[in-house]
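You will see subunit A twice below: alongside subunit B first, and alongside subunit C after that.
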Partner chain A sequence: MKRFILACAFIAALSASVFAQQSTAFAEKPALVTSIGQSADFEMIKVLLNRAKVPYTADSLVKAEKLDGSAKTLILVVGASSKGLGAAGISAEAELVRTHALLKKAKELKLSIIVMHVGGAARRGAMSDSFIKPCMEVADYAIVVASGDEDGLFTDLAAKAKINLAKVDRISAAGTPLAASFK
Partner chain B sequence: MKIFKRLIPVALVALLLLGGFQSVFAQKAPTVIPEVVSSQGMVASAHPLASQAGLDILKAGGNAVDAVVATAFANGVVEPNANGLGGEGYIVIYRKAENKATSIDYRSRASFNPPKEGEKWPNPGHRGVAVPGTVAGLAMALEKYGTMSLSQVLQPAIKIAEEGFVVSPTLAGVISDNFKRIMQNDYLMSIVAPDGLPLEAGDVYKNPDLVKTLKLLASEGADAFYKGEIARLLVDDMKAHDGLIDMNDLAQYKAIEREPATGLYRGYDIVSAPAPVGGFLLIQSLNMLENYNLKFLGFDSAMKLHLFAEVLARAFDDYYNVLGDPDYVDVPMKALTSQGYADAKAKSIKLDAMTSKYDKVDPNSEHWSTTHMSVVDKDGNVVALTQTLSSFFGAAVAAPGTGIILNNEMGNFNGKKGTAAYAPGKRMNTTIAPTLIMKDGQSFATLGTPGAMRIVPTLAQIVTNMIDYGMGIQEAIEAPRMYCTYLQGPGKTTMELEGALFPKKTMDDLALLGYKIKSYDNRDLYFGGVQGIIIKDGQLYGGADPRRDGAVFGY
Partner chain C sequence: MAKRTKLAAVVVVLFLFASLANNAFAQAPSAQDIQGRYLIEHDYRPSSGLSRTGWLSDYYPELLGSPGDSKVYYFESAKPGGTLFVAGGTHANEIAGIMATAVFIENLNVEAGRVIVVPNLNNSAVSHQEKEVGLPAYASRGPQWISLETPSGTRFFKIGSRATNKAHQQVADPQGGYVHPDSNEAPLAGWEFRNLNRAYPGRTDSGLTQKIAYAVMQLLIREKVDVAFDYHEADAGGRLANMMVANPKNIETAAAALFDLELDYNLSLKLEPSNMEFRGLSHREWGAGTDAQSFLTETPNPAMVADAPEDTDVVNDPENPLGSRVAKHVYATVAVVRVYSGEHPDKAIVFSGLPGFEELTANGVGPYLQ
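Right after this comes the complex of A and B.
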């Protein structure tokens, strides 16, 4: 019985760390939100930012050279959509090049970086994962809908990057940790 | 060039070894979804609640037409992204007692009101909406070949709509993918994103206005849609948003019974939907494939996939250049589906090299969101029905007060010339192809799929999976798929396929043949969602597509 209680306590402690949210607001306003993978999830994050009354600029295809420091926080809406990439007229390879350049410039400008993955399992797979990994390496915080982390990819990447990861059950619930991360 | 040297001798042998093998049609490999077997009746559709609706009608004594109409109305409720009262479709019916097949065209048609000069049909938006045919088509099928009343077969749909249903991951994904378009219409938002964000998997989908509309149809019949209260609400919405459809367009809409397109493939009769849709493309593709021993080429070889690309490209040439509304243009359906025409086209195919350009053969000398359902009843009547809104969520507009999401079929006229060009009141071309297969005067299978331009390629693969490779229906549906219908020569032609499910050698060989590869990680909705039933030795074998929320129920 003792062993069972200890095991439960261990699992509870582990879960608490996995579901940890950013305890203090760290991100400055205004934000720049962009898509990494051109999925429609980008539109949903705009709705959440409007609800949270966070001032932002949205540019799904923003390039590194457009970052000038006027936005203090970069929100990356991560997840690939073949249809979205096609509609945007950009290949997956070109999107990855844009992403790497964007991340490099954001770090140079010392922007806070928030990764948001709200598409669940549908926004996972080889193409999506190729976008997720470089973004998580440089992120300061990540907010994901839990069904997108069933294999623990985000949990592992967050642990490696030593950043907090907020896992929520549904898209609308992502608004709370997102709003709380802004000063 | 090494691959060519390897392929040439194999190709020559393959060409010499045509035909002469026994198919089994039994499931040989494990499947993601178990094959369903029954003996009395069976319904396969893209949603369990829709299949259940059809099965309940069969058990209540309805025939296959009653059941498919009930399934179609119910499916319009539970797959609002893919079909419904604001859409259209095509139905192919085989009546055992008369040993006769027929088809009903309920394609949407253009308004008689002309567009602005040079106008491109928009998506999203009301001007992209064509006059819906679903209600007229289903009512005609029921009146001519069913045994129940419209009110009776509407009851399952009304019940589902009243109770609401749980949003599946598939539907949630489609709503999410189309959110940007949906956001532009407040009324549609109130249905699929009632709290401002898309409904998610596990949420309950409700559309109370659709309940009222379905009840009105049940009490007043199809005229309520084309001349009555529903028509008035649709036209009010059109007027408010600069749409073209008026009361006259709705009142003049008629479903049309047509002779099906027919062909023969390795001794099996193929019965499919005729112009202005894609059944002839399937028949013509199979006619070309009949020149080759597919079993010898192997199911998953690069050479077989290359052959399909060559065949499909030649067939689709006619989709762009010959097909049109038969009420407006002459479509030589007999020539297009003739073996001689297909043989002439196939002559230029090389198994070891990709075609960059091919000579057209004169047919007169010989020529992205839909859903499908198949039904067989205890008396041996068989039905295949495919219906659509064109794009997922159609024009991304819904008419306030009706719960009806409207199609964007007018977009099918964009960029079309010749036989496929726009004209007032004309039906536009599309590739849907609900299909029946007969053997020795007996029904053998009913099948169909959504998938836009992938419809015919997917069906050609399913038919050959069954007939050439002897797969059972579920195995045939789950087998990996390819899509390539436009050849531009090596280095310029892209083949899309479920690459993770094909051998690496196949992918390497395709690259050596000059194909650019777009590979999908797994079975993907992009390649369609086939529903089908095989009838063999008094048993019914049903298959549903795991790429969608397909479900088969039998008794």
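Right after this comes the complex of A and C.
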């Protein structure tokens, strides 16, 4: 009996840590997923969405002009890759300009915005942080792999923006809170 | 007296015989087989699933008799399916890649499709560990061989250099640096001319490294390879360690496989697409020049850390033992093949016999060799 109570308490605590961050589904389908920083994490999130059966379109370099309201939720896969930026033929400065314009238009269109940072500590640093901050300011929800928040950056930014933050231990665990956020 | 003379005569005869024999062995083409193939006697003992062996020179005959020729192992099922190619030893100092191919060779049973294995893709690089001026220390650091305890006793596997043996290349390293013929990038160090993973798609009018690269491309094309893996290692703790690099055309396959690796084995690998501007790398050129989906995996090698000691133990490193590194290569391949086969049921590649991920990681490679 004691074991059962302990197990229930453990499950309850675990559930609380994962799901208390976003208790109700708020995002509407379909989604538009884009990369902010051109890392390959973008590809990983596409797999997550496929497996969660969330309808979406994907465009790693989508510009503000392309947002027309057909997508109801904007998923930002944040994290800089200098190789990825180079391969995409875009500078970090131009990526930041694209990001700001995209965020402005998304707010005008009243899209839900979900920030995903799934590259962990390896996807942090000055360049990544310069992308993370503006995205977190306007986000409605953020899902991060915990090793990317060891210095508490996401925790602080989420508190300032008064948004819920889901921390997961690895990318494959990000699918559950992501799927749960869609109505 | 007669007895002493007889004894002296016997000693002289024995001495002469020994000298002649020694001389004869010295002059015999001991590094070549009867077809004139240059050989390094690697100790791989194939499973009963082996169908046949061939040579890289079968795809480019000019390699025959050269130190760049290398043995090719074919495992073929009667049931049609796709073709998987796995290669180790592009860089002969990256021993986990070589031993991952050995695990395939010594355990594989193919149930649908084919698996082609080349354990020492740059066989010339196995022949030396030169400390060349300009060549990074990690490129030829460590023991000349490793020993593993296997069910049949102690066995030895050769370690070499990152670069083709200078004496085999036949063309001097370019002064002013190496520029891939199709590249617009700044010159790399001159020795990179002998780096097989900067040489694809290869050439027939250049050095041995470029000819090996050409032969590999011909193999991928002629054998209609569907999925191709090139196993590498990188400095433990560095950016590249624990990474899968995928050609952009097949990055979705890689991403799906990496999810499965996390879910099935608790194994997280980073993902990067090939930089299409950076020419000569296997994952970039195999994918662009053939129909194969191409992948490269990198595991953390303790001897490749910048200031690692010369006698770094590359087998029993406490953080990254050989078994764990080999398991990552093998099961990254298994995961990709499963995703590929699911998406291409008419070209499914099905095999069995490999040791489990947890077993390889916990027990090392030796128990799973012949």
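Following the convention adopted for this analysis, the second predicted complex is superposed on the first by the 163 of 183 C-alpha atoms of A that agree within 3 Å, B and C clash if a C-alpha of one lies under 4 Å from a C-alpha of the other, contacts with A are read in each partner's own complex, and residues count from 1 in each chain.
Keep this in mind: a contact is a pair of C-beta atoms (placed from the backbone, for glycine too) under 8 Å apart; a residue touches a chain by one contact, two chains touch by 3 or more.
Since we're looking at a predicted model, the values are computed, not measured.
Peer 1: Let's test your reading of the overlay: on subunit A, do subunit B and subunit C clash or fit side by side?
Peer 2: After superposition on subunit A, subunit B vs subunit C: clash.
Peer 1: Touching A:170, do we find subunit B (first), subunit C (second), both, or neither?
Peer 2: Both: A:170 reaches subunit B and subunit C.
Peer 1: Between subunit B and subunit C, pick out the one touching the greater number of residues of subunit A.
Peer 2: B
Peer 1: Looking at the overlay, what does A:108 touch: subunit B (first), subunit C (second), both, or neither?
Peer 2: neither
Peer 1: Is A:81 touching anything from subunit B or subunit C once the two structures are fitted on A? First, second, both or neither.
Peer 2: Touch partners of A:81: subunit B and subunit C.
Peer 1: Going by the contact rule set out at the top, does A:151 touch subunit B (first), subunit C (second), both, or neither?
Peer 2: Neither partner.
Peer 1: Once chain A of both complexes is superposed, is A:122 in touch with subunit B (first), subunit C (second), both, or neither?
Peer 2: A:122 contacts both subunit B and subunit C.
Peer 1: Can you tell which stretch of subunit B collides with subunit C among 79-87, 295-303, 493-501 or 511-519?
Peer 2: For subunit B, the listed stretch overlapping subunit C after superposition is 79-87.
Peer 1: Residues of subunit A that sit at the subunit B interface in one complex and at the subunit C interface in the other, please.
Peer 2: The answer is residues 40-41, 43-44, 47-48, 51, 81, 83-84, 119, 122, 170-172 of subunit A.
Peer 1: If we count contacts the way the header does, which residues on subunit B are in touch with subunit A in the complex?
Peer 2: Where subunit B meets subunit A, its residues are 169, 173, 176-180, 183, 195-198, 200-201, 518, 521-522, 526.
Peer 1: In the complex formed with subunit B, which residues of subunit A make contact?
Peer 2: 39-41, 43-44, 47-48, 51, 81-84, 119-122, 125-127, 147, 170-172
Peer 1: Mind listing the subunit A positions that touch subunit C in their complex?
Peer 2: 40-41, 43-44, 46-48, 51, 81, 83-84, 86-87, 119, 122, 170-172
Peer 1: Which residues, counting only subunit C, touch subunit A once they are in their complex?
Peer 2: 239, 248, 251-252, 254-256, 258-259, 262-263, 268, 270-273, 275-277
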